[in-house]
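Quick one: the structure is below, and I'll ask about it shortly.
Every chain is named by a letter (A, B, C and D) in the order it is written, and numbering of its residues begins at 1.
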Amino acid sequence: MTEHLLEVRDLSVRFHTARGMVNAVNGISWHLDRGETLAILGESGSGKSVSASAIMNLIDCPPGEITSGQILFEGRDLLTLDAETRRDINGRRIAMIFQDPLSHLNPVYPVGWQIAEAGMAHGLPRAKARARTLQLLTRVGIPDPEAAMAKYPHQFSGGQRQRLMIAMALVLKPDILIADEPTTALDVTVQAEVLSLLEELQEETGMGLLLITHDLGVVAEAADRAVVMEGGRVVETGTPRDLYHGASHPYTRKLLAAAPGKGEMRQPDEAPAPILQVRGLEKSYGPFRALRGVDFDLRAGETLAVVGESGSGKSTVARLLLRLEEATGGSALWKGEDLLQKSPRQMAPLRRQLQMVFQDPTQSLAPHMSVFQIISEAWAIHPGILPKARWRARVAELLEQVGLRPEHAERHPHQFSGGQRQRIAIARALALEPELIICDEAVSALDVSIQAQVIDLLGKLRDELGLAFIFIAHDLPVVRDFADRVLVMQKGEIVEQGSVAQIFDAPQALYTQRLLAAGLDADPDVQADRRAARLALAK
Amino acid sequence: MSSMLGKRAVSSFISLMVLIVLVFFLSRLTGDPAALYLPVDASEAMRDNFREIHGLNDPVLVQFTHYITDLVCFDFGDSLRKARPALEVVLDSFTWTLQLALITMALVSAAAIALGSLAAFHVGSWLDRLASGLSLIGASAPDFWIAIVGIVLFSVTLGWLPTSGTGTVWHWVLPIAVLFIRPFGLILQVVRGSMITALGSAYVKTARAKGVRNRPVIFVHTLRNAMLPVITVIGDQAAALLNGAVVVETIFGFPGVGKLMIDSILQRDFNVILAAIMVTALAIFLMNLLIDIAYALLDPRIRT
Amino acid sequence: MATPTTDDTKAPGALRRYARMLWADKLACAAALFLLMMLLFAVFGPTLLDGAASKQNLRARNAAPFTLERGFLYLLGGDALGRPLLARIIVAAQNTLVIAAGAVAASMAVGATLGLIAGYAGRTTGEVIMRLADVIMSFPSLLLAVIVLYMLEPSIGNLVLVLAITRIPIYLRTTRAEVLEVRERMFVQAAQVMGASTLRIIFRHILPVILPTLLTIATLDFAFVMLAESALSFLGIGIQPPEITWGLMVSQGRQYLTSAWWLAFWPGLAIILTTMSLNLLSSWMRIALNPTQRWRLELGGKRND
Amino acid sequence: MKHTTALAGLLLASTTLSPAMAQENTDVTVVLAEEVDLVEPCMATRSNIGRIVLQNISETLTELDVRGDKGLMPRLAESWEMTGEGTWRFHLREGVTFSDGTAFDAEDVKHSFERAGSDQITCEISRYYEGIEITPTVVDAQTIDFATEPAQPILPLLMSLLTIVPSETPIEFTRDPIGTGPFILSEWNPGQDIKLTRRDDYWGEAPEVSGATYLFRSDAAVRAAMVQTGEADIAPSISATDATDPALDFAYPNSETTYLRIDQNVAPLGDKRVREALNLALDREAFIGTILAEGTQIATAITPPTTLGWNPDVKAWPYDPEKARDLLAEAAADGVPVDTTISLIGRTGNFPGATEVFEAIQAMLSDVGFNVELQMVEVAEHEQYYSKPYVEDRPILVGAQHDNSRGDPVFSMYFKYHSDGRQAGFSDPKVDELIEAATAATGDERSALWSELFAYLHDEVVADVLLFHMVGHARVSERVDFTPTIATNSSLQLSEIGFK
């Protein structure tokens, strides 16, 4: 048997948690070779990050505990080494970057120092560490690297922060780079850039890259091999192409099936007159103009998707329509009445016609209220919809409608999983029998398979109840599957709008094209084409 | 920064003015200083004369107008009791209080931060338990009780320290020790909690992944971040000390502003009360400013 | 880690559940029992023992503790007038706890209400209320005590008033800060989207979230107020005899500290134990009221920290 | 207790802390309870100021002997006589200089008197001359006449209170007192200490003490501890509970008398039987040696036994709860509302153990059937009840303490018992008459009239509930030779201190 650069053998780790002992990973094994990119693919709770933490000695004991297994790095079992030796390996031989670079960078120190520290912690003289930092900042594409060294993490954009993390990891040219969800929460275009940067760097240094992700697209784009994990076990291993075309494990197949962006596109029927007409919508924060004259119509029963990257102003549209913030200009006629001119008192009765489902159900459900209270509050606020005697029955009905069970009514939000919580939020929106539901990134925080289920649910409700949707998302494949029409926004303006087929099949605006090209597809072959297109656009 | 400073100064000034008006009128409702100042068998004529000399016979509103017009010229009036300018009386005491507060807070902060960090790093260890236990008991005992037991034990029985007063360094030990206890417990708990949070934070994970040693992880990466809530508490506690430690000053015969305050209140020496309030308010305002500056120095996010 | 599988067994009654969590933390459990005992003293003590506690017996003056020859009530010794200390401590529990609880409850009610208004109303109102808090904060509490005691009777109610006023800013500031944070949370916006009125948002959505924080502060403040009351007694402007509180007993006993230590020691110990119990209970409560921390207690006493 | 004493002894034997223990050290340190706000000679009748100033910095013409029975002794006046109806002539001592070098003469006396009575400053001393027209006339440099109207037989005694300052002293409170006394104020650190230093050109015998430092500690236990640890030599006032060391601690009558003032205008206190019952209900003996120190005397008059005319025939009220109950029942039968709630007003910290004393009184009174409610108040509020105009919405007993160490009842009787007195609780023509007659009388006649008044007040009027002549406790370190006297409460002459 050839010696791998890094090999995990039969690793089991368990944690003390709220529910007692949980086996986070159960006898998993995989290996990584020099110059290779291995992806560990899994949804939340699959235990995909645990082995990385074990490699970096980042599992706190307690509450964690490694119960069995070996981690062989160049033949040495890391788990048997003393703390000092392991510390010395960290950063020098094996480096790691994380999701959410903002919280993983120390907010109170300049980034230059933080990057240099990676060298200084292993004895690199200060001056050399600084020089190396400057070199790396240039390499990872930070503008004005000299000045950037003295800046603090909060002064960079999300993508730049991830580049800083990468620079930090590469100071000592490690043999292995572990990247834990390095592109999650980044805009698609930035995601593509970060992934290609990693790829280039790997080619330059020949390091092994361990890519932990939940995104099939990332696997298709970047991985040489992938390990699929579910419930703390490795269920399947193979190249992306093999997995995509010949997955043997039902879980892998389920994951692939859930990947959005492959269904029929909807053909909007030439619909009745618009129920909502937005004209010249403006919002400024001081001198900053977040929205600059947005015009669009929404027809009854139509699903209008608003897509764009962070900072495009797409969420602001929703918040202005629902008067969570006050517009600085424009009008929004809802059945002929201007929502923006209503006093709070006049707005109250209109609110039951317009509802919203927020991005993060963990935060949008009051933690201290039971599901029954959360849903029935709608009727307490708007008396006359439903007599109190019928509340209980109606809550049960709504819960069944969104795929939960009536007995869930007595529980509190924290007792549910993310997908279940989003179903509760939808039930709450439905309680008011609205005509329009605005979904603000309503499925973005969910795992792929859950995402698919929720989208199915929304589609079903749309068909049954004739609801109109404004569907705000950054995730293009989901929009492709769900929307009738699409608005593409950039920097507070609509750059393009049209039917879903127009946008996806024949995008006119350059920005729309770039957006589509940057999106990742689960099919390695499709992804290879996208990549080519992206490179072409970049030229 | 300077516009914020200006705004703060204005709002503090308004609060102070309201405070002065309140204190001025309310304190005059608490009885006649002449009755307290003069012996019980003094005649009505003597009392009247006393009030006349000190302007206490005028209607309260007139008295107030006089006070404010004098105040504009930085004349804080004279102490009824001491026949000295009230401001001078207060500043005398305040220098003592300032020294006591600064030394105590410096020691408390150093000790609480050191011990709190250690406790946070060894959660559940004997050190952690000891620190928590000590801070708990310290925060629970009446300070005058501790003070007297301290004198009985360390001065009378053991003879190690002078009982009270000022003079040598040794005189400061007991008062500071008594004042030390409560803020120490409080700050220790905040440091510990804040350090535990900081140690569990993502950037510490990054530092470990970089291979940074334990000590720099605690003292470089964690401590500075954990200091932010701690500074707020230190500020609050220092403010409390600047207001004077009445009980401790009374027992140890320490000529601070707290003792001056209680004496002036009991003797209805209005000018001294008002001057003391203004001086301490100014000191606390300046200290809060220092805290803000410290905040900005520690956390670059606040600077921009 | 693993998605918690929602168990289908019916959740036990809230009371039983908290009792079980309390049992899991032995120190907090002992603290709760101690406080319960003090509460019983406070409720029944004065009715049962008032006679014994105020019966003077100069022959038992400063009687030494730990002897039963004068009867059980003299177990902790006698005070300067020969009254049994044990009986007095039990009787004094009522005043002490009523003062502390009254002051804490009043300051919390007023402070939280003002804080809610300051946090939810417009900028100007908020600013005015915050300046008011500044004024209260800088108003010398001793002067306040003297003013109130002079203008009104030195009664328990007025002492509560003094202590309550001085503690208002704590709750006001905390509440406002929390409201400013909580009102930006998604679930508050969700309620707004549903058309909930301001009052509804405040009472149904914001208040329940900040209540645990306020309760934690309140337990700590309870201890603080007891000590403050005792310090006022020390300075002679607190509660006045023949009313008794632990604080007053300590301050009266302090002059006998060298000759009859027990006079000041036992009531001091009662204060220390009560405040310690409250502190312990408060740290337990911080965990028990927090859904994400609660599991530590629900594991049945196996603590990992 | 033994334990503490033994340790203290050990400490005293081996102390290294104390600077006061050094060889040939003739400085003393005195620790006082109350800080002084002023060191103004004309305020010397206020006890905290008097202890520092009186006869140390500033001297008086005459001086009352409190150690022997010499009565009034010469100080700055060598002799005095009555030269005519109401006119007193004082012959001043020659060769006396003030500490600023100027010579002492009659002009200084005149100025001192006028300064004290000026309405530009509020000098406490002036209250003793209220109601008497006194005109000083300088006869020559060493002779001064005082004409009094009405005739003031005890003017020489009053002169024991007037501190003499140089005639250049401005009429405003001074912070730099100049006097003829053996010491000068050499250092004053407000809030911390005051230092006096012996001057070389003092007219009299030089005191043994070369300098004195006064410290201020409000806690009695701390003061006691300071002498014990050698940080101070004399603590003139410590708590009786701390006075446990016979080698260091002295008890002395401190000239204070405690009593309950009765406002007879409010029923049921207007009824004599009720007032008798109040007196009979108290077991005064039980207090002594328990709450109050051993040596405390039961009072039969508002002034201590050393006062002129004190009447040894007046017998203290016995403890007779049965009789008290009977009297109450009798009064009740006559329609006196004896079960009205009576407020007993006590002052917090009035004297050591005040709270306990009042609590015990309340218990004793309740025991015989009175309905008494105890109210402990702080000083300013106490003053509201104590002096006229009275609070008369309910029957009130004001617990108070009165200090007369001046040797003559005149300083007490008028304002405590005369109808116009600021603190009198009743109005009785015979009492008024006796007070006026005694005030104008001299010699044995004066003494007899006071005696008559004391008996009348105690037995016939039952004017108040007299309680105790109090004792104070002083702690004096072993290196210092000093015996506190009844005057120690109001003055502390450094020249009376010696070293062992």
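Everything that follows uses one rule, which is that a residue touches a chain if its C-beta (ideal position, glycine included) is under 8 Å from a C-beta of that chain, and two chains touch if they have at least 3 such contacts.
Predicted, not measured: the structure shown is a model, and the values here were computed from it.
S.K.: Looking only at C-beta pairs that count as contacts, which pair of chains has more of them, C-D or B-C?
M.R.: Counting C-beta pairs in contact for C-D and B-C gives the edge to B-C.
S.K.: Could you tell me the distance, in whole angstrom, between the mean C-alpha positions of chain A and chain C?
M.R.: That gives a centre separation of 46 Å.
S.K.: Can you give the whole-Å distance between the Cα centres of chain B and chain C?
M.R.: Computed value for the inter-centroid distance: 23 Å.
S.K.: Provide the C-alpha centroid distance between chain A and chain D, rounded to the nearest whole angstrom.
M.R.: 86
S.K.: Which residues does chain D have that touch at least 2 chains other than itself?
M.R.: Within chain D, the residues that touch at least two other chains are 4, 221, 378, 380-381.
S.K.: Hey, what residues on chain C touch two or more of the other chains?
M.R.: Residue numbers touching two or more other chains: 146, 150, 237, 254, 257-258.
S.K.: Can you list the residues of chain B that touch 2 or more other chains?
M.R.: Where chain B meets two or more other chains at a single residue, that happens at 30-31, 148, 152, 156, 250, 266.
S.K.: How do the chains pair up in terms of touching? List each pair.
M.R.: Here the touching chain pairs work out to A-B, A-C, B-C, B-D, C-D.
S.K.: In their complex, what parts of chain D are in touch with chain B?
M.R.: On the chain D side, the touching residues are 4, 7-8, 11, 14-15, 17, 35, 37-38, 40, 45-46, 119-122, 124, 126-127, 130-131, 172-173, 175, 189-193, 215-219, 221-222, 225-226, 228-229, 231, 378-381, 383-384, 386-387, 411, 415, 422-423.
S.K.: Contact residues on chain D for chain C in the complex?
M.R.: Where chain D meets chain C, its residues are 1, 4, 220-221, 239, 241-242, 244, 286-287, 290-291, 348-349, 352-353, 355-356, 358-360, 362-363, 374-378, 380-381.
S.K.: For a test of understanding, state which residues of chain B touch chain C in their complex under the given definition.
M.R.: Where chain B meets chain C, its residues are 11-12, 14-16, 18-19, 22-23, 26-27, 29-31, 123-124, 136-137, 139-145, 148-149, 152, 156, 243, 246-247, 250, 261-262, 265-266, 273, 276-277, 280-281, 284.
S.K.: Which of the residues in chain C end up touching chain D in this complex?
M.R.: Residues of chain C touching chain D: 54-56, 58, 61, 80-81, 146, 149-150, 153-154, 236-237, 240-242, 252, 254-260.
S.K.: Quick check on the complex: what are the chain C residues that touch chain B?
M.R.: Checking each residue of chain C against chain B gives 127, 131, 134-135, 138-140, 142-143, 146-147, 150-151, 223, 227, 230-231, 234-235, 237, 247, 250-251, 254, 257-258, 264, 268, 271-273, 275-276, 279-280, 305.
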